[in-house]
Amino acid sequence: MREIRELLVKKINELLENGTVDRVIGWKAGEFCYDVTPAVYKKEDNFDDFLFDGFCGANQSKYLIEETKKEGKILTLLKPCDSYSFNQLLKEHRIDREKVYVLGIPCHGMLDINKMKEQGITGILSITETDDVVTADTLYGEKTCNRKEVLLERCLCCKGSKHMVYDELLMPEEEEKEVETLDRFSKVAELEAMTAEERFAFWRTELSKCIRCNACRNVCPACSCRTCVFDNANSGVAAKVNADTFEENMFHIIRAWHVAGRCTDCGECSRVCPQNIPLHLLNRKFIKDMDEFYGEFQAGTDAETKGPLTAFTMEDCEPDIVYTRGGDK
Amino acid sequence: MNDVLIPKIGVVTDVRQDTPDVKTFRVVTPDGKKAFEHMPGQCAMLSIPGVGEAMFSITSSPTNTEFMEFSIKKCGCLTDWLHQMEVGQMITIRGPYGNPFPVDTELKGKNLIFIAGGIGLAPLRSVINYCRDKRSEYGNIDIVYGSRSADDLVDYQEIIDEWEKTEGVNVYLTIDREQEGWDGHVGFVPNYVKELNLSVDSTVLICGPPIMIKFTLAGLQELGFKKEQVYTTLELRMKCGVGKCGRCNVGSKYVCKDGPVFRFDQIDELPDEY
Amino acid sequence: MFKISMNEADKLFKAIAESDTLYLPIEKGDQIEFYEYHEGANVRLDALHTVKSAKDAFLPNCETMMEFKMEGKNIEIKEADRIAEEFVVFGVRACDARSFAILDKVYLSDPVDSFYAARREHGIVVSMACNRPEETCFCNKFDIDATNPEGDVVVWIVGDELFWEAKTEKGTALTEKVKSVLTDADSEPVEKQQKEVKAIMEKLPLNSMDMEYLKDADMMELFNSPKWNELYQSCLGCGTCTFICPTCQCYDIRDYDTGHGIVRYRCWDSCMYKDFTMMAHGTNRKTQMERFRQRFMHKLSYFPINNDGEFGCVGCGRCISKCPISMNITKVIKALGGDN
């Protein structure tokens, strides 16, 4: 990753110097090795704390909504999976394409610090990584773990090395690189195999943990409404916790409906959830169903194709599909 | 166990349409008494359960021993509902909240100038009537009041019938634009204040839209008034009313508890977030 | 001082739960929170932190305050009952234990919040000393001793033994109730552990943070710092930091129509939210920068001004591990000038 960072900084400086862009949105090193914050750098800024390593998981596409409203042109560094979100935002006319220069950057999978901590690696002072092993220097001595075991959920089901959109690629040779990936629908299938009661209990337990911090919504590239219905005081549905009611649980279900067909499965919702609610499973259930009903579709592959829920075809399934799939009549 | 957040029941006994979008509501407890005692400038939390609860300044004077009045402009969800109320409707009420205008200390014996714009008269009406009722305890009283149009002057009848007839009280009314049937002054409040030959030794109480306050204050300073002589009352979103919920926090102050009445030199010490 | 083997800890929990409701860190749905104890619960005293802090026990994230029956023009108010039975919050870390003192300054000051006061009166805090601080810890910056937390009873887990010491009258009373499962103990193992943990605390990376700077800082100078504009940039405006924070104290009051009446409840609120200060005619904090600044100014300047210099932070480090974009109070403190 260190080599990529050096190559990246060189390229960024080149694009800033030759006037292609006047700023870049990147990742800024934090207090520790893993608390990386998205940040905008200008030409005159010091790039010493500019970082690219295994903790740059944050999908930065959504920041471009506001950034492309500003003067000048911004450079965005998209990992292959981020490029899907970027396309989807283009499709929804949220990003001004003219005001952004896309540099596709390679990704070898991003790390989840919480998974490391769950393995008992705590008191982390610094981290070094190779392709297979993550080594942490901690207050309690040196600890190592298998890199694959501490990848972010979305990286386990990687969409591949190919960028869906770019103006330039940092390492074109990486585009065709094979990546290991698991079946992203396996957990969904497990849930589908449950009885309705079991499934209800599963989601009740999970969704009841929700503290309504709205991090999932605020980070979600598909949640780009100017004013969210849950923020509209007159809508009657509050964006606040109301723990004694079932309404609480509906928030996530409504949100999943709203992003269905537009969700690229970027997994940011699950990454940011302070309560570790597997929100991506709701989205994946929708994706799986839509794939089955309307044919396979991946949101964000391009910026033009209409999603299955916004395009009508004669082949679309009829509403009674719900009965044939085992719903109550 | 009693809690400040638990309201009392109030009954609306009179509704007066003051202007096209301002109504004045008279409120008592179900047994016909005042819900609680207050001082001029203090506020109360009114609510219609299921709709919302909000802070309103008490418009009536504490010298009124029978009821409380609230002049409320229709401008949002709760106020829309309040405006639909008829006599006999119950609401909830709790208070009083905040610090009053210092009517029994700093203002005593002083010449007073009241400057109000639009619904900004509501909190000042309580002080004006208090000072009128205790007329001998205060010096000259000048009231400058402006609104968009003659129809938007709140408490117009009371101003004409009572205020203008009180000895030592001068009322200066103005409206923003010429209007048929209006032979009074036309123009914005800040300009009118500068035209009037107001005595610089007076204490000023001002309330109105932020833009009016801003320009009037600048005008007053030009005339030689110091910020220490000028009081206003701030309005911010409030939920608890007792300095805990955090909503009206500006700098180290809570407007509900440390205000809403502030002197401008005190406001200067706060971050510009009000 | 008393002790009990960790293998038998369940006996202690049962003994407490027999007389009082017991809340302690329990793993459920993959997360650890203070939940009510029940037999077979997956108690996780080894966890450094629960997701929500222990303040949930005294200022729950959602509580009903009253109900209204509406009929025609009439309204009837029914107050919710205040808690009237003893309960025990077990396993509160030193940072969270200090947060109660901070919340007290708000909720027990005049006028007293009776809902909170009832919980404080009936709640018994069994705090738990830290034996494995993490890199995100900085409670020492607020003169909190992680090895000797505040509380009615303090417990230390040393090896496979749990040591117990009552610190207050409430604690002594609780000790009497559970004494039968405890045995007398010598404090030496505890003291030894305290020394070891203190040595680790000396090595914490956030020790480099300087709080002295903030103690003398001028409110308006901090408020007007150009740093806010850089710091807030990536803030998502979510409420994560607020809701996991042990000292964040702001709340919302909302009405909820159950179909059988109106429930008025109180819930945690966040100054990071757009609607926090929104009124019919607008808001006084229009930008995320202002909202972001408010949260940190409140903790680092406004609260200390009103409370004899005490900061509105206890250094638990939750915001460091939970912020979606890894912005947190330590970055703010350092950026404002507290970087040694």
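Going by the order they are written in, the chains are A, B and C; count residues from 1 in each one.
To be clear about the criterion, a contact is a pair of C-beta atoms (placed from the backbone, for glycine too) under 8 Å apart; a residue touches a chain by one contact, two chains touch by 3 or more.
Owing to the predicted nature of the structure, the values given are computational and were not obtained by experimental measurement.
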Going by the contact definition up top, give me the pair of chains with the most C-beta pairs touching.
A-C
Would you mind checking which chain's mean C-alpha position lies nearest the centre of all protein C-alpha atoms?
C
At the largest C-alpha centroid distance from chain C we find chain B
What whole-Å value do you get for the distance between chain B and chain C if each is reduced to the mean of its CA atoms?
40
The distance between the C-alpha centres of chain A and chain B, rounded to whole Å, is 51
Need the CA-centroid distance for the pair chain A / chain C, whole Å please.
30
So which bits of chain A are touching at least two other chains?
233
Do you know which chain C residues sit against two or more other chains?
252, 269, 278
Which residue numbers or ranges of chain B touch two or more of the other chains?
77
Taking the complex as given, what residues does chain A use to touch chain C?
30-32, 34-40, 58, 63, 113-114, 117, 122-125, 138-140, 205-206, 208-209, 211-215, 217-219, 231, 233, 238-245, 271-272, 274-277
Would you mind writing out the residues of chain C in touch with chain A in their complex?
28-31, 33, 48, 51-52, 60-62, 64, 132-136, 200, 203-206, 230, 233-234, 236-240, 242-244, 252, 254, 256, 265, 267-270, 273-275, 278, 320-328, 330-331, 334
So in the complex, the part of chain C that touches chain B is made up of which residues?
65-66, 68, 70, 73-75, 77, 79, 82, 106-107, 111, 113-115, 118, 219-220, 223, 249-253, 255, 257, 262, 264, 266, 269, 271, 276-281, 283-285, 290, 294, 297-298, 301-302, 305-306
Taking the complex as given, what residues does chain B use to touch chain C?
1-7, 9, 49-53, 75-77, 79, 86, 88-92, 235-237, 239-240, 242, 244-252, 269, 271, 273-274
